[in-house]
């Protein structure tokens, strides 16, 4: 059914942000790889040569991984970047300039409610399609694209269903484990994932209860990179809480809404990605807060840990509004300002520890912020 | 000829960024005020309550000025914000949320070469027009708008002509003085400026030479706020150099290109503001570098001082490409990382001093970076 | 026989111990040594010696502070509580009307809201990843002009003229101070400026939790009179004095928690062991990530 | 009669003096006191005493460093040159093949490129507004583990195991060091990690100017052997030793500039006086800005 000529080694299209319609990449016969490694201080330090000390460490790490010759990163044939934050945009420019990686910038409008934004997004998605066609030499037909939308929807749905097992009093899968499935989505072929996710779902849904009801945590905020395990391990392995849902772009959030299978495929992608569960850079901020609250209620969380990387403008400042919202709802929020240095585990332990002491005392109406 | 009803106290529309088509504000009968004060450490400290320590001090100062009740800032009826950098965008959201200032965000596409960007900008300009009409209750007619375009073009042209007097070996106006005229453009009514600028031009162009030929400096980089005088004073008053041209958004740059008077006024504004001499957030970066080089050549500068505020992603990282470009041209560049604290005057003096020592030794091909 | 409780506050910069016997308070203090356990043992020895009580009489020990999680006292039941909860509890014990606590320590500054009926924390904000607004800031500046932190505080009270230290970063603030010195500004005025700079940052934290009276100032820096004056100036709030040296508030809170006993122990639900289910997935991921 | 030149380097953390007589070098060093002029005078007295030369015999003095601009020596001609130029000049005087200088001082780190034919600076990069990668960083860490910076350097050479200090911020790096201590890591390994952390940041500066041999290490931190080893490890470059204690490089360079005399004096073109032309504009602006 597929019409493209498959070469021996498919082109690899790298991307950082989940607003990238990867269905277009696979439909063109290329392999999408999300570049979201982080957590290593040496790589950060290497990336700082081409960025600055005031860039968030995820941006520095992303540049550093190219500079250090990370095999996954250097295997990328082209980077597609849907206009995220300033720092990542500038990081991509630096990668292009200093490591000769071709890249294409695409603009993501912020005010999704305006008709003009929607039309503009549709045009950018076309620019994107034309560009990946140029990368692989394969035309993207509507038929192929529809197939890819269906496949990716199914993979997203499996992840959502697996996540929903965490609505049980005793979640059969930990937050740390869920993140491994998320990695599979971004690193492995969708066909392979469809098999595996179904297998995981059947296995996990059959798991028996032992009657425990751990403290239920939602993680919200900015990116939790592949390799940045400290907070998750502290919460789950050391303090015995369970992360039951992630309101961030490397957890459940991007899998929440499917792409429409009824519209013409380009319209579906354009609207679907614009309307994905919003990140903090999107406007209006209330929509983002509504979604966070919806997730927190749906998963019956006891408390929220809000993480933002040091120097991240978007997530650090929207914290204030976030806290205000959840104060109203009566779910306590702990604010953590993070980086990839190893110095602050003791501080992290104290902040999370004090937060847990506060929650356990049944002060459900309290909201607690610490950074 | 004007059709709007002038109320006793015209509405004040505040804006931060020069990509805001102020002609629409005046045509609707409101008063545009550019909010670009900076330089005071106490105001910064106050603004930090609603931002974060990793926001640039201009963003913090902008929030702080509202929090401290600066009379000019608190007199603003509405803020219009054409999608600048993340930090200023978030600062505007914070001002809206915490000081109840209404604001409207507008999106400025980055890839101006694409037709889709141009169409989108045109739509955003319409949104802007509709919004200011709502603010004042006055309709903006094409006729009124054309008048305003002509008036503002004339004001811009006077500033450009005054600036061009600095092409003389002995500039009859210092860089510090030129910045005062720039302030007039942003704070005073255009009608008043038209008179004054002409008066200044006649007076300055008649000034006699004394035969001096000071060192000719171009300042490039991020914003030099109203109140942030240290660097200009150090260069001109202490070290005796002359700033002959500014490649930044509070100096000559925004006055370089006029708005077309031939197109229909909305098209003219939409294209004209998109095509203004580019700032570092615009793509492609080469266009920005081309403009910087053009200015430097036109004004025959001996050296460039590139200033970026600490935590400014856009201007800090594009520095590397900037330096590369001018290394090729043989004009030395000094890189200064600045904030509004008063601690670093000694360091600043050493850096600029060493840079001048280097230049004066005739090492014209050297490029020097310091932060 | 009355019950006897010990609270230990093993901070990164100093260790404090409190022995609580029927409302009677014994204190001990020493630098935190290389070995936290030894430091804890030494504090207990000193407390026992001062009070004439035997070790076997101790009912319960609670540890707090940086070193809290690695202590063990053999037969005596031991639990740990974070310093944030302990500071609140200690301040509440001494002054039941306290509603807001400002705690400035070496590396952290905290604004804590306390429930005046229970002494429990209802909200807290800590400084973000920046040392401006902490004791470290004062310490570095004091060292650079050849004073102790206490002297810096004392001398700041004699300030007669407003000068400014504006830099956020301790290192650059230090150079600011050096240049103020070079401009012949007096030590007193410089010291006052430094305290005001820290107080402004701490004031920002306080404005995020909301400041309610009574306000108590605790933590290592609370002995510094200049800091207190600067905080009062910035917050316009009245600070009440505790009847005990406020740097013992954490240890005292720990001792109070020891008396409440069970509160102090954590029940940790262990995470599921590594499962076979994930083994092959991990291998697939490893392959893609390592050798592309 | 031979000419005699003095170079003074009045830094924020220490003052150095060099007297240059026919290639013979006399040195003096003292802490920078409260009064820069007194410090300068005292250095000169010491140099005169050591060399047996009279003040009146001095041909020219050049000052550099933080305090350079405010000195005055009466009849003796005086000029000032920045420390960046002086470091290069001094290093070049001692070792004419030098092309790259790494200078780590208390608050600044610099990478300087030098023209080997003239000893003049052709390019330089300084650290941005962050103290990571400066001597201050080493100093704070050394203090926190009870060592001097020299001891920290010495002991780092005995490191046998790689541990990591990763935080950019001095204050947080200090807490990292405290936690490494708590994990029983040896002082030697911790010290090596701290030096490596600074060296990585300085290496970043060097990679921006491009490193060319011969490389010389100057500045206050250059006496630190651990730092030198860490820099060699990071840059893979060979560092040459100067025949004089490298912390005198700035003062020596100043003395060499003194011998080149005229180079040192600035001709400052004064800015036009405040002009009437702008007075009414300023008033208009003042009105709009103050009372809206």
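By written order: A, B, C and D. Residues from 1 in each chain.
In this text, a contact is a pair of C-beta atoms (placed from the backbone, for glycine too) under 8 Å apart; a residue touches a chain by one contact, two chains touch by 3 or more.
Values in this document were obtained by computation on a predicted structure and should not be read as measured data.
Farthest chain from chain B (centres taken as the mean of C-alpha atoms): C. Of the two chain pairs examined here, A-C and B-C, the one linked by more C-beta pairs in contact is A-C.
Centroid to centroid, with C-alpha atoms defining each point, chain A and chain C lie 36 Å apart. Spacing of chain A relative to chain D, judged by their CA centroids, is 46 angstrom. Touching two or more other chains at once are residues 52, 310, 316, 339, 344, 346-347 of chain B. Chain D has residues 12, 66, 107, 128-130, 172, 175, 208 in contact with two or more other chains. If you draw each protein chain as a dot and join the dots that touch, every dot ends up joined to every other dot.
Chain A contributes residues 50-52, 54-55, 83, 85-87, 90-91, 93-94, 97-98, 105, 107, 109-111, 114, 116-117, 119-120, 123-124, 127, 281, 283, 285, 310-311, 313-314, 316-318, 320-321 to its touches with chain B in the complex. Listed in rising order, the residues of chain B touching chain C in the complex are 41-42, 44-45, 48-49, 52-53, 339-347. Those residues of chain D that touch chain B in the shared complex are 12, 66, 69, 81-85, 107-108, 115, 118, 120-129, 208-209, 266-272, 275, 277-278, 281-282, 284-285, 288-292.
Taken together, the chain D residues at the contact with chain C in this complex read 12, 34, 36, 66-67, 70, 107, 129-131, 134, 136, 140, 143, 169-172, 174-175, 178, 181-182. Chain B meets chain D in the complex at residues 12, 37, 71-72, 74-75, 174, 176-177, 180-181, 183-184, 187-188, 192, 196, 200, 203-204, 212, 214, 226, 236-240, 310, 316, 335, 337, 339, 344, 346-347, 349-351, 353-354, 357-358, 361, 363, 366-371.
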